[in-house]
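Both of the next two complexes hold chain A, though its partner changes from chain B to chain C.
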Partner chain A sequence: MNDSMFSVLEQYIASRILKQPNRKINPTESIISSGLIDSFSLVDLALFVEDTFGVRIDDSELNAQTFDTLTQLASLIETRQNK
Partner chain B sequence: MSIIQIATLAIVALILGRLPKGRELALLAVSAFAVFWLQPNEPFVTLRFWLPVATLAIAVLAWALTSAPEARGWKQNWPAAAVLIGVILLMDLNRYFKLEQIYITGTPLLPLTLSGLAGIFVLASLLLRSQKTNRFWMLAAFIGIIVVFIFLKTPSLTKIVSDLAASRRGQTAGKVIAPLSWLGFSYIAFRLMHTIFDRQSGRLPALTLGEYVNYVIFFPSFIAGPIDRADRFVRELRAPLSLQNEDWIDAGTRFFVGLFKKFVLADMLAVISLNDLLVSQVKTAGWMWVFLYAYTFRIYFDFSGYTDMAIGVGRLMGIRLPENFAAPYLKPNLTQFWNSWHMTLTQWFRSYFFNPLTRVLRSGERPWPIWLVILVTQTSAMVLIGLWHGVTAGFVTWGLWHGLGLFFQNRWSELVRTRLPAWLQSRGGRVALNAVNIFLTFNFIALGWLFFTLSSPAVAWQAMLKLFGLS
Partner chain C sequence: MTTFSERLESHLFRTPQRVAVYLQHSGQPDLPIAYRQLLRGANAYARTFAREKIQPGEVVILILQHGEDLIYSFWGAILHGAIPSIMPFLTEKLAPERYRADLAALISVTKPAAIVTYPEFETEVRGALKEGDSVRAVIVTDKLEPQSDADFNTLPGIQRSEHDIVLLQHSSGTTGLQKGVALSHRAVFNQLDSYSQALHLNDNDVIVSWLPLYHDMGLIAGFLLPILAGVPLVLSSPFDWVRAPYKLMQSVSQYKGTLSWLPNFSYNFCAQKIRDRYLEGVDLSSWRAVINCSEPVHWESHHAFYERFKLYGLKLETLQTSYAMAENVFGVTQSDLARPPKVEEIDREAFMTERVARAPVNGHPAMKMMSSGKPLSNTRIRILDEHGRDVPHRKIGEIALQSDCMLAGYYNRPDATKKAFYEGWYLTGDYGYISEGEVFVSGRKKDMIIVGGKNVYPQDLESLTYEVPGVHAGRSVAFGIFDEEAGTEDVVIIAEVDSKDRDEQEKIADLIRQHVTKNSAIALRYVKVVGPKWILKTSSGKTARSANKEKFLKELESQS
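Coming up: the complex of A and B.
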């Protein structure tokens, strides 16, 4: 996974969503099914990803089946960027 | 659904899962037959024929409306059309076969049914040709589905039909008139709307008539879900059937677990589940809690039991349905409860209501403040989920209970997130906090069921007072 993409995502989630800037997020830690990010914050995360990385995440994709870890989210972003 | 009907369909699934080829069409025939066979008694006998026909008709018309041009060819679709017409005609001909144990014999005369079929054929052909106006028809279809949905879910409106039937049968007064019920419509409607929305956003794959109608009326999930996504379902349907021994064992185990949950646990708990009569009779708070907990577990075992059976029967045919429950009563907050209770319905509402609404309110030049967005989106989404169960004050109140619960939980966790004392952040402290949270969440959910199951919010409130020894 792209390290800078990971750290951008980690920093956004830790500081803006969890309000804990020093919180570390493991790349394989589940962020949706564990309840770490609620459904409301998930939309904010999607808006952030769209603005930052220029890829669209559909409303029906905001669930643990599409991505549940930062590794999966980064891989989704990379796949869309390479299309 | 009776246990005999369930067992019969499970045996049929076992056979379908062993077919060397032709699974899609055979499955379509069985599902179409099940739509007729499972339809319960109606105020008017003839509705037991026409409502299933309407189910198949709206599925076919929705396919015509949403299908991709490359999937519209006659050559690839005529076998499915022939199967559907064949099943409808066979059921109609029962007025001559007189197989009363299987289906009603009071079906319409053949010319009437043929006219109905011709009507559906003409409408479908027009939709398949009218490319340019499809957006208009998609909106019209969406509004039509919602209107029918509201009608069927509003007791005072369906009562009009029952009353009409009662007045027609004046001579046989005293005979119980069955309520109007369109079997499976709640689930079918949401599958159809999902395909309409996904077609508009370009996310719906090209589906043939057989694939589409199989998705809408797949017999294991026809009555009680789960609400699958068309793209996911069709991937399963298209995959070659290759069931191993362990698949049969998994499928069978899942089916029998569901059967046990529904017909043993849920039906036993039904005897002591809270109802209006018990609310008026029970004097002590302790017993009220026992009856409330009995209902709380009953509804879980009943619903998740049906899901287990659907998933098990689906697997017998090599089709994996999505999960619908994941230990919902063991969750430490309401957000996680709704991530694990009737998951496919909540996911539907997230995809097509909650997320788009949140997106609109959070973007733009002047985004709404976070707390207001959460309040509006959570409560409106939960009230809509309540209304999905029925247009009554009880279901609306139940939706509000959960919507406001989610809002306050969100605000509370936001407030305490960075303020937890050190002893609560230790391992032991976290375990203790988790246990307390599970206990509180479970009881909040249990109290919410009062509005869901009792006849009115007033009775639910009376029960609430008794539970806390205030009445």
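Coming up: the complex of A and C.
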């Protein structure tokens, strides 16, 4: 996975969603099914990804089946960027 | 007077083809359900309850997600004369063990005869059952009697009296014994009559809702009111709404929706999180009331919502308020739909220290209060001091109420019912004042946190925190802080640990976040793990939540 993409996502989640700026997020740590990111913040994450990486994430994709880790989210973004 | 079954029979007789519910699911076409179909689906359940020998007057718990089965099983229980109660479904963030424990506690108090659920969830439900408890049947949605036209001559529901209990609403609390608010047919109709009058409910109305049916706002305003009154309902789910809030606007536009109810946070949520691309061609001019209730109401939230959507035909007077609670079936007050709710500025210091709402003296800091409107025509309100005496106009006290639509009692909890009343008046636990006949709600007696319309008790969260290794009992404090951007409260947990190591503290913070969320389904915004002696205690050794909140806010401010 692209390191800068990972750190941008990690930083956003830690500082804006979790309000724990020093919190490290493991690339394979589950972030949705674990309840780390609650449903109210999912839309924020999607809006952030759209604005930052220029790809669309549909509301039907905001669930743990589509992505549950930063690795999965980053690969979703990369697939769309390469289209 | 009448009963639910009689009212349904009359809709079936007069307008069998009229659509009662447009059921929405993300990614699927909307499903229109006419009264005839509603009753056919309900009859399948009524006949299944009969097959399982469920008696009229017995409680049936419904553990189902948004969808046809939830709707049909609710009305099926009504047709059978049983008492339905809808429970929230297990979400992925809640630990199954906790869910089972809560369900077992509920069963021990409410003593249901049956539970309805999906085949996939049957094992989960059976896990909460005990030898010798009240549950005689777990009914799964794929083993029902076939759908058929309801025969009102033989359905037991038609024999119910208006004084019988028609349903139970479970007030939310994260853990422990829940209280089921028992309501009679008559109480519900009395509420619907006076509430409809305040709304000027009419034949052109269309209600659009995504609210959950296990909560009074969703169940009464977003389900029973439209279906019993013959007003079309466009029904979506909170699960879909939170991921795609724009669908509310699109639905209002498509169905010419006129009425919706929203908790305060969702005004902010919609105003901030909807992209323009989803609003192309949307017309909100049919929306005549969006009613803010179930959380403290904030003028700023209305303002943000109006500014965001005025270009799409939203009218300022559409944004309204209500003060409501399950114990009064639903509405207690309603603002006048002809004009925006009254907003006044009061002196902050006088409010804090003298407990009075008065105009600010020149230059003094002020706070904005928004009215929740006047009491419904069947409801009387008093404001009482701590000795149960009426306080003067504009003085703050506890809101007490009396009406012809009060709860019959907390089901099987005469102790709790008795405690809730004082000389025939229901004590709400909310603080407020009255000015020119309008009710302004200003706070609450208990340290309850309301997050996204859900009531959370801090002591429940603190107890869960003590279960985390490294945290000692009595060394955690939970409270809510108002988040202006979100329009609701953020949950804060502070825990003291022996370790002064930052990394160790971060690790414990993580464990707390996971454990509390898994066991309460409440997302925590701030988890702060601190060294010894951070938490302030009262002289008697109790944790002083408000003092700790002040301290936390000061630290937060100095950091930013």
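In this text, the second predicted complex is superposed on the first by the 83 of 83 C-alpha atoms of A that agree within 3 Å, B and C clash if a C-alpha of one lies under 4 Å from a C-alpha of the other, contacts with A are read in each partner's own complex, and residues count from 1 in each chain.
FYI, contacts are C-beta pairs under 8 Å (C-beta built on N, C-alpha and C of every residue); 3 or more make two chains touch, one makes a residue touch a chain.
Bear in mind the structure is a predicted one, so any value in this text is a computation, not a measurement.
J.: Once the structures are superposed on A, label A:62 by its partner contacts, choosing first (chain B), second (chain C), both or neither.
T.: both
J.: In the overlay, answer first, second, both or neither for which of chain B and chain C A:47 touches.
T.: Both partners, chain B and chain C.
J.: Would you check which partner chain A:36 touches, where first means chain B only, second means chain C only, and both and neither mean what they say?
T.: The answer is second: A:36 touches chain C but not chain B.
J.: Let me test your reading of the model: by the given contact rule, A:19 touches which partner, first (chain B), second (chain C), both or neither?
T.: The answer is both, since A:19 touches chain B and chain C.
J.: Would you mind listing the overlap between the chain B footprint and the chain C footprint on chain A?
T.: The overlap between the chain B and chain C interfaces on chain A comprises residues 18-20, 32-33, 35, 38-40, 42-44, 47, 59-60, 62, 64.
J.: Provide the residue numbers of chain B that touch chain A in the complex, in ascending order.
T.: Interface residues on chain B, with respect to chain A: 198, 201, 203, 229, 322, 331-333, 335-336, 339, 347, 350-352, 354-356, 358-359, 362-363, 370, 373-374, 377-378, 410, 414, 417-418.
J.: Quick one: which bits of chain A touch chain C in the complex? Just the residue numbers, please.
T.: The touching residues are 18-20, 22-23, 32-36, 38-44, 47, 59-60, 62, 64.
J.: For the complex, which residues does chain C have touching chain A?
T.: 26-27, 92-93, 239-240, 242-245, 269, 273, 275, 452, 486, 502, 506, 509-510, 513-514, 517-518, 521, 523, 525-527
J.: Under the definition above, what is the set of chain A residues touching chain B in their complex?
T.: Those residues of chain A that touch chain B are 18-20, 32-33, 35, 38-40, 42-44, 46-47, 58-60, 62-65.
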